[in-house]
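Below you'll find a set of structures to go through.
Both complexes below contain chain A, partnered by chain B and then by chain C.
Let's turn to the complex of A and B:
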């Protein structure tokens, strides 16, 4: 594979990862998923930096990716602590809950046309809350996990 | 203006449609159609950006790219945050593979250890601590309507710009002209040479012309005899393409080889990266360490204040 084609392919991949992260950040409403999408944008940038580093034979690109990873770790720590604080205040991860912070003149968002939840969608895989001993499920016949997403 | 006969155009259009259908909406079937459209878009992208080389090379690159982009899209479109985090971890494994494929071994390992090992686990911890019961409306429908269309449109615009820039023919710069001159000389003289040096060995890292002359950097060490012949032939070869460049080459032509410190593909990879990191970027490393410490302290402070807000009377009783 020649170097120019390799560079083009990696730049395109970086762009795709960045765009997917951007779309996720703009479209999703779950605070945690929005944060994941921000990390995905960082990955897109890292991919193109590594590609340039190889193409130009310059180590600075790879060093910069290391700094990106360090900053991403900081961001994850602080951001997730903030999300935790917001969740304990509001008991929801919905970013629309905080829409009182919107600009003046913007109308309030109201969810309309919410589709009915189907029966098989109600059972939802859960993680055990931290620090709590998991309770044995008494009723063995009860369906506890949905096999399909 | 828009070239509808190019696979790249269709790739971008299908990318937008597929992603728009895949992000959470009411209907399962619509999301399945979105996944199929997204795969078709990836196929169009791979048709628009053909790569040459041995089939195994190409297959590995394609598979890693599919893992990275496919699981990124899956991560964005999962309604449950746990699944989104797990798909993001798979996306990171794909990206780590892409780093290894580029010869960036250290970064590949660091991505797996730090990102997939620590950051994603932190995400899972927070999902565990902040877990609303059951399936939420905001995960099922997200922002409906025009907000979703605008968001997907912004992403598609970005991809369209990148694809457009990569598929348009760029005007050749000094580096391209010198590279094509060397390639032409190599193709002409290769049958009469018996040194067994293949075309890829002539990989040109940099070529720059200024008032002083032309400076050329090659990646691989070459036998001196061959180098002298190239030095003699290059001005003639450049004559046909670009007169100012040939004049600069006649004035003074320096052909250098990439030093070991600059060779990103050197086997002694980690030592060289460390030298760059702790030489050129020493102050940045110090600052990054300080930022990490500050973030650690800040995260603990924020989380502890949140705890106190949850049980406001505890402090007074004690």
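Let's turn to the complex of A and C:
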């Protein structure tokens, strides 16, 4: 396999990743999924950067990808914290919920809400307090959130 | 070496320390000690007074030891250099002129702009310092009683201390710029003290009025200073020379009474007021300088046409009226013109203008004072009138004129302060009522005030033993002599100078009349000027009579007649406390004695001073004669042996007596005569002549009736009708003056102050307000409008974009993706 074919393959991969991410970002309304899609676009770009770098025997692209990864990690932390905060206010991950932030005088564009979650599906993770040994669930029979994901 | 330097510093320093200490300590730290500001102020003024008296003694000592060659004495003390700009002034070397006296040689080359904080000691300064500190000490004592219980007690004394500091600096400054600075500072203190009771709208507006009217004068003064700088290249009064010292370093030394260029001098700067008499500018420049300085003096000394602020300034506390608006600050203009005598002698036309302004103001203010009912306002107009006298004296332009003006300033300070403090005492007892119609017959209630006020009135009216008589007589005599000298000089000139100077006059076309010891007349002939002075002399005599009349009108209305006490007095009207009457008594003693104590012209033959100069017969005049501005130059040539003008004195005393007698006739017993006189001067008879009753009375006259019937019988009714119509026209012609008499009868003119306030309101204040309104509208609608329009651009754009903000995140994402797509496409299609 020569260098050129290798490059083509990686660029195709990067392009696919970016396209999937973009489509996902545009069509999904779940905040976390949208966030994942955005990450996917980022990774697609990173892959193509690495590929070009390899092809041109130039380390600039790879070193830039290291920066991108680092920054993506920070961004993920900030983004997830924001999503968590938004969720705690609205109790939903639907991004259409936040269309209430639109300019006054505009009508609602999305009136079809997400399907209501059934009450029995509401199983929330129990977070262990910091510095304490996590305990096993006492009730082995009861479904935990882990089982459902 | 000598004590003049420290004394000159101590005199202004003590009031300054007092002012600062009171302002810093009294309102906060020493709130409990109520009397602290008063005691500190009195102590500081006392220190200044003692220092001034010591300075007077030093100056007198030096006068006795001046060398025979230099009859003048001045001592300049330089504290530090305030401003120093190298080579600020450059003028071409003067071209050789045909007439050396017309274009005086100004030193060519460059000159530094150096302003020293320089204080001077000479006869004029010493006199003013003693007068200012003496009056202010007494006023401070009086104020301690008068201001008792006022909320602004400490503020009053802080302001007064600041004023005395500024005033002492003003009279001892040896530099025009420094003079101007403290000229403004006394104006500031005056403003603060007029508006002392700032809660009262009339007081606040009176303060503003005084400040703004003074700005007009100060503007002229500042222009005069600029012109002096460009003409003479310095602003110092004194000459100075830069002398290289022996050790090689260059040092600047101020030389007193510099008359010749000293050996080793590298730069000699002749002061504006101490240069050679030949080197003063004549002609248009000299005249302009003098007139601009006169404008400044008119503002400060309340002369026509800037006299309108002083009567309103009576809104301030009465001690302030006595100190600032009668005795000291308003005389700053007189002092300045007396100080600038060399400039004024170089321009005789300016002197005529000064005299005219003074004489006219004296007469005008005296006429207004006749009908005012506010006791302090009467005194204020009398101050304006007396200041007019002083200007008249200064305008006479002779040595006798200038010294008599200063003499009148000196005596006037005592008796006018006395009168004002007396009126303050009356106000204090009457519960701040000052309208003379509301009280009367107070002579038993307030005996000390009554007697001291009487002395002040007699001095103001100018009766023989009192102070005002001597100074007023000196002024009248000086003006009289000036008129005679001018007409005589003209005659003598034609006779003698024609032969001697025939060739010169032929050369310059005979247009200029040059008299030794006289200035250069360019606009008028001396003969015309003599006529002007003759008229001014008559006006001054008339003013003397009016002065006696209005003074004693106020006196009789206040202290005689039926006893009447306003309810504001609270039923316990009484003589003021000793702290207020003691200054009155001291001032009364001065008002009696200071005139005959200083003026000896009536008892001695013309004598000669050491140095062969003629004595003016007046201690103060001889003393002032040592001031460098009066000792040399053209003014000294007009010095004549003083003689007592028995004729002038007799006439003026008789006129004053007549005025007093007339006032007694009008106002003493019942006021019927006064009412009749005022009705007559309101043209009541004229109006009564034309009302319906009197016309009906005319028709009832038998002769008129007979003429009517006779005309009917002869079928000449048409003739009667024509005559009747003619009468109608006449009536119309008469009606216009009738309407005018409502406003323009002598009485109304006087009572409404000749409508000066209204005239200024319509010609100055309102047009200025219209312009200001126009500017405000332009600012609001044009300039602000443009700015606001720029600010509205984002709002409009934002409104257009508003519909895109629908709050749906995917929509934004799609827009962004499409936008990127468009950009990428564009780059691909059209990019290089």
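Here is the rule we use: the second predicted complex is superposed on the first by the 102 of 149 C-alpha atoms of A that agree within 3 Å, B and C clash if a C-alpha of one lies under 4 Å from a C-alpha of the other, contacts with A are read in each partner's own complex, and residues count from 1 in each chain.
In the analysis below, contacts are C-beta pairs under 8 Å (C-beta built on N, C-alpha and C of every residue); 3 or more make two chains touch, one makes a residue touch a chain.
Please read all numbers here as calculations on a predicted model, not as lab measurements.
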item	value
Which superposed partner A:26 touches (first chain B, second chain C, both, neither)	both
Chain B versus chain C as contact partner of A:110, first or second or both or neither	second
Chain B versus chain C as contact partner of A:96, first or second or both or neither	both
Contact breadth on chain A, by residue count: chain C or chain B	B
Which of chain B and chain C A:58 touches, first, second, both or neither	first
Which of chain B and chain C A:11 touches, first, second, both or neither	first
Contact residues of chain A, present in both the chain B and the chain C interface	22, 26-27, 29, 95-96, 109
Partner chain A, residues of chain C touching it in the complex	802-803, 805-811, 813-814, 817
Complex contacts: residues of chain A adjacent to chain B	1-3, 5-6, 8-13, 15-24, 26-30, 32-33, 35-37, 39-40, 43, 46-47, 50-51, 53-54, 56-60, 62-63, 65-67, 69-78, 80-85, 87-89, 91-96, 109, 111-115, 117, 121-122, 124-130, 149
Complex contacts: residues of chain A adjacent to chain C	22, 25-27, 29, 34, 95-96, 98-103, 105-106, 109-110
Touching residues on chain B, where the partner in the complex is chain A	15, 19, 23-24, 26-27, 45, 49-53, 57-58, 61, 65, 68-69, 72-73, 75-76, 78-85, 88, 91-92, 95, 98-99, 102-104, 106-107, 110-111, 114-115, 118-119, 122-132, 134-144, 147-148, 150-152, 154-156, 158-159, 162-163, 166, 200, 203, 205-206, 219, 258, 261-265, 272-273, 276-277, 280-281, 284, 288, 291-292, 294-296, 298-300, 302-303, 305-307, 309-310
